[in-house]
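Heads up, the next two complexes both have chain A, just with different partners, chain B and then chain C.
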Partner chain A sequence: MFDWRLILDAIGILIYALVVGFIFMGIERKAMARIQRRIGPPIYQPIIDTLKLLGKKESVSHGFIYNFGPVFALGVSITALLFIPIANFQLFSSNADLIVVAYLLEVPMLGIMLGAMSSGNPYSALGVQRGLLTMVAMQLPYGLAIIALVQHWGTFKLSQLVALQQLQGWSITVPALALAFIVFDIVFQALLGLEPFDIITAPAEISMGPMVEYGGKHAALLFTQHAVQLFAETAFFAVLFFGGASNLLDLFLKQLLVLFIAIFVASIYPRFTIDQAAKFFWKWPTIIGIIAVLLTV
Partner chain B sequence: MAERKDFGENDGVIHYELQEFKLFEPLFKWARKKSLWIVAFCTGCGGIEMPPLATARYDFERFGIMPNPAPRMGDLFLITGYVTPKTLKRIIITYEMMQDPKYLLAHGSCPINGGVYWDSYNVVKQLDKYIPIDVAIAGCMPRPEAVMDGIMEIMRKIERGEADGWKRYRENYEYYRRNQDKLFGEGWREKEAKRWLAWI
Partner chain C sequence: MTLVPEAYVVPLTLFSPLVFGVLAWLFDRDWIREILGVIGAAVPVTVLSLAYEKASSGTISYTIDTGVFKLHFVLNSLSWYFAFIGALVGIAMAFGLSSTSRRGYDWLFSLMSFTGVMGVFLARDFVSLFLFWELMTFGSFMMVLRRNRHESLKYFVLSVIGAYSMLLAIGMVYAKTGTLDYAMASQTLLLLTKMGGVSKAYVDTIFALFLLAFGVKAGVVPLHVWAPGAYGENDQSYTSFFSGVLSKAGVYGFIITLFVMPSLYGIYFAMGTFHGHLTGTYLIAWAGAVTVVVASFLAVLQEDIRKLLAYSSVGQVGYIILALGVFNGVAVGGAMFHVLSHAMFKGLFWLISAALILRTGKTRFEDFGGLAEKMPVTFAMALIAVLSLAGIPPMAGFASKWLIYEGAIQAHMPLVAGTIFLGSALAFAYVVRFLYAVWFGQRPSDLDDVREAPLPLLVGMTILAIPNIVFGIAPGLAVRLINRFFNTNITVNSYYSISTPTGTYNALSVTLVLIVGLAIAGLIYIYGANARKIKVTNTYQSGNPVTEEYNLVIRRNFYRPLAEALDFWLKYSWDRFYERLANLTEDFADWLREGFYNGNVQSYSWYLAIILLILAIWGVL
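Right after this comes the complex of A and B.
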């Protein structure tokens, strides 16, 4: 009793998400380069990088958990993607898929950390420690932004959220939810691992953090995971605050908008240290988030 | 760092070319050429030539080159100047941590023949004896244009399949190992590893 059309749709969405995710990564690098007045790499550069990593003739492994980490992360990202309504297509749907997606989007980080910890590299351990602390710090504003959304629209269902927004205007046009949007955007920066909160990978300090031991095919898997994750996160953002999308082009434009906000913020801010980041998260975004929740009651 | 047993065998290379990937080899060659990740390991005077290369004036990112701090992911190892024995230990360890295929670019006259330090007691005169060099750039210090040219040469060599330093290292491991042991004394790897064990 296979529904072939559904399966083909799912595979199509996956391939589309992968390609567009890679292009987004390329756009990210290109836009940063243009902001710094450089020419920058071609937009398809991440695809070349992944190919090269796949073509490495050697992949050092540190045991089963180390191999399992990236696979787990990729699997979770794909699952999260299939829960998000992408242009009328949603494979899985439940009554509370908003919460499911919100937390599935954070789990891949745990997968990477699981693998990183088993490599035994001190830099990995440091990166994991920072990553977990960032995750703990950003839970509170993240949760508040989502609570504000749910209280306003009165539903946990993503597809219903999209339908309601198409009837009554995007979330961002509601004043209280505009505050939630600001909070969510700050958290989004940390979710993507971009500049003010790129404490986890911090290339100049702890040399890529959790990723330091990954190379070759493992790193290629992580790159793929990052592409899918980027697509899923931007789509989730677009669904929550920009009224979802009825076709792929619409979705693509909204995702680009979200991505460019992130890139512009990332390219002008330096990195927080971990204590500053935690303090920041528990101060301004939390205060704004509480105001947003109170306004929507 | 864990000892690698497979390095000792001289026949590693022939078995090593994964047969099933032969079909995609041209594609991978193109990808390798287009995406060289630099291991950010700056020794000697040449580290200062890297910022102009990376910034707006010369911008090596347009060729897909990216400075990458993690040796496991890196492809291109830049030796940017003179090498002392103490640095050489780190260089060898980093080079062995990198995953095949890997390329090594030596800057300036110091790694080639000692340069101005030709009579110094603690500068390694001929780097080629300890690790294989793919491309060497002459000059003291080479200008960013020269470095760019060296990188282009590496790309050309990758395309032609001549950048085979990593293969030579596997094939002639005994030779390189003997030279390294002569300089540092037997068992220097274990000694070095023991010092870091407490941190792992």
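Right after this comes the complex of A and C.
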């Protein structure tokens, strides 16, 4: 009844994703620091931070939902990860397709917000509001990019998407999908919560928004969630546009490429205000996205 | 089947709500009224579940002979599906009403509209459709009238427009075919169109009139203006039925026009294609898409819990209309599934709002706050409703929306599919608004002695919450029902797993992995040190202590930046447009009246002279 191989694979990938996700967070900080001519923390710093937070003697809580929020977020991130085909590991990807994964990747935000809202902090509430408005703004171009992709390849199954790309060339080599790639990359900046769309956390304005109240083990959970989410989202990107990967190293390089694009963009641009972001998303990315979907009809 | 003889199935389903509603109105005493009402609402759901086997394998017909004409009713798998959803929400509504209403009046008219809806679902000919349609509209109109005259008038005017167009369409069908039976009429019509006995424009007109009639009830933009008022200014327990089921009568009407009357179906082909899509259905898809976007944006910006839910309801029905318009197997299957899941989660939402209004007496978001501690069970129900509406796997709302996504993208309607993405993000935004403003944050001091919702309401909520989870984890159950009456092209691999030609969704595996994921996260949580519970107001405020007097919760204009980004579009409103049109008409009529009846005898004699002259020219005199 049980497929032990699959379960072992899943556990292995989970541990790998966790470590690599934390490393990605470290790389993000280090690269950002180097661009700004600082030395920056060591690459493994996020792991140390998380362990320190977990080891805190006491943490405070505003009630059940406040605790449940981060747990739910991490749980859903893990779920999303396990439905993406990671390199040569198919995991559970035959059981759910692109739409399910795209949805699952958005749900953790709801978990974080649920927790943030249950504290009475106005910064949290502002963060929630800004996060949701960013999501509303980016969803249209995001959807258009995905639609273009599916219309071209004619399937929703991620493993088939990978197989087709390995046969016929990566998505970005198709002109229409190259447009979709541009759109998706802009949206990706918002998905990762990086500048110019780090409207949700905006450290200088609303002190990390939804995260403001969290400390101790709750914050450790959110860090872990961020690591898993970062790995899952970059892997998802690689699967959609860079033909997946045949082994973990291949995947790692592709994820790194995606990550570095995001870091470079993030370190150049200042932050948009929320209405600027909405107007921006509904202008250029949407127009490019519409062109992409019309080219693939 | 042995419990209820076949001959009684349809009449029991149809008339027990009405009969018991009248009884509840007559014996208007506490307890008696409630018990009678609940029995009346419980009969259809019981009878329908007992008749499941028979209805899914064959049909149960029933005819009432009034002497002048015959009313035909048929219970087959299609009508069973709709009627059962309606009956399920109906029994939940009855439990809700026994908490929120103390009047026989409410019972009479809500159960009257219950009977009306059942009749609409089971009708097999246009006369019974029209009669029960009006019964349904009348019942719901009386419910609004009692509470708000202005809103009821708006509902009345639009319903009358709908009714007249339906009557006109039925008349046009009857004039050419001489029959009122769906099947007969459609066959004759098809024959006539083929032989050239009926012009294309004639059938197009019938089609348009039907869409207008059903579009009003389904709340398609721009015919939606009655919905926020009528859903809001009502007993919220009844609204769970009003918005959950009566709007589905509109959807059912669309299904009749699209599928039950295949001659009109033939018309779509006759109407030609537009970029590879049938023009007729393409228009419906866009009507749905516009409804989704407009209503969802408006829902996000509402400040009143009832308005938010009402606009959200309009938007969600928009999904169904959109999916019907996409017109491939998967999307139509998704539409049918969404009929089920929308009825369940929106019914649940309205019962929750009924509980909130009953216990707090408030409706605006700025007056709520921090109720999660005071009403924990209702909050748990609200969470289920929110997760289902936002389409979080593994809830019923996700499974149905997933099918609509796949259908719309497969049909190569990219822009229509894009609006679904936008709509679902907006849905996220408005449910979080509801969650935040009502349940979380600092509690206003006047809500300190709020109690948990009364038991009957909780029972009603539970009845609607369970299907949200069951059909979410086992979407195959619903799809199997749908496949009985419509060839959806969706494969049911097992109860838990469904596949479209290009995608697959195994709800059970998602659930299990989610449970494992939550368990891992929970372990990390448990591993950490114990958490000390502190007050909601004890928060990080940049080192400034904040006292209780300051309410730091953002409850008013929560999404103001969005309103600012949209200010250009928000200047236009259908509602204001209609109001202005009504005012213009009134002014014009005033002007006419004052101009003619000016009290001057000389001008009256002139009118007489002119009329005589006209008659003389016409040759009457």
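For this structure, a couple of remarks:
Everything below uses one rule, namely that the second predicted complex is superposed on the first by the 294 of 297 C-alpha atoms of A that agree within 3 Å, B and C clash if a C-alpha of one lies under 4 Å from a C-alpha of the other, contacts with A are read in each partner's own complex, and residues count from 1 in each chain.
Quick note on the criterion: a residue touches a chain if its C-beta (ideal position, glycine included) is under 8 Å from a C-beta of that chain, and two chains touch if they have at least 3 such contacts.
The structure presented is a predicted model; accordingly, all values stated were derived computationally and were not measured.
In the superposed model, A:G120 makes contact with both chain B and chain C.
Once chain A of one complex is fitted onto chain A of the other, the partner contacts of A:P70 are limited to chain C, with no touch recorded for chain B. Once chain A of one complex is fitted onto chain A of the other, the partner contacts of A:F264 are absent, as it touches neither chain B nor chain C.
Judged by the touch definition given at the top, the superposed model places A:V293 against chain C, while chain B stays out of reach. In the superposition on chain A, A:E213 makes contact with both chain B and chain C. Measured by the number of chain A residues touched, the leading partner among chain B and chain C is C. By the touch criterion stated above, A:V60 is placed in contact with chain B and with chain C alike. In the superposed model, A:I39 lies in contact with chain B only, and not with chain C.
The interface of chain A with chain B overlaps its interface with chain C at residues 54, 56-60, 120-122, 207, 212-213, 216. Listing the residues of chain C that touch chain A in their complex gives 275, 300, 372-373, 390-393, 398, 402, 405-406, 409, 412, 414-415, 417-418, 420-422, 424-426, 428-429, 432, 435-436, 440-442, 497, 500, 502-506, 509-510, 513-514, 516-522, 524-525, 527-542, 552-554, 558-559, 561-562, 564-565. Chain B meets chain A in the complex at residues 16-18, 21, 24, 27-28, 30-32, 34-35, 37, 55-56, 59, 61-64, 66-70, 72-73, 75, 98-101, 199-200. Partner chain B is touched in their complex by these residues of chain A: 29, 33, 36-42, 45, 48-49, 51-60, 120-122, 203-204, 207-208, 211-216, 219.
Residues 14, 54, 56-63, 65, 67, 70-79, 82-83, 92, 94-100, 103-104, 106-107, 110, 113-114, 117-123, 125-126, 128-130, 132-133, 135-136, 138-140, 142-144, 146-148, 150-151, 154-157, 207, 212-213, 216-218, 220-221, 224-225, 273-275, 278-279, 289-290, 293-294, 296-297 of chain A are the ones touching chain C in the complex.
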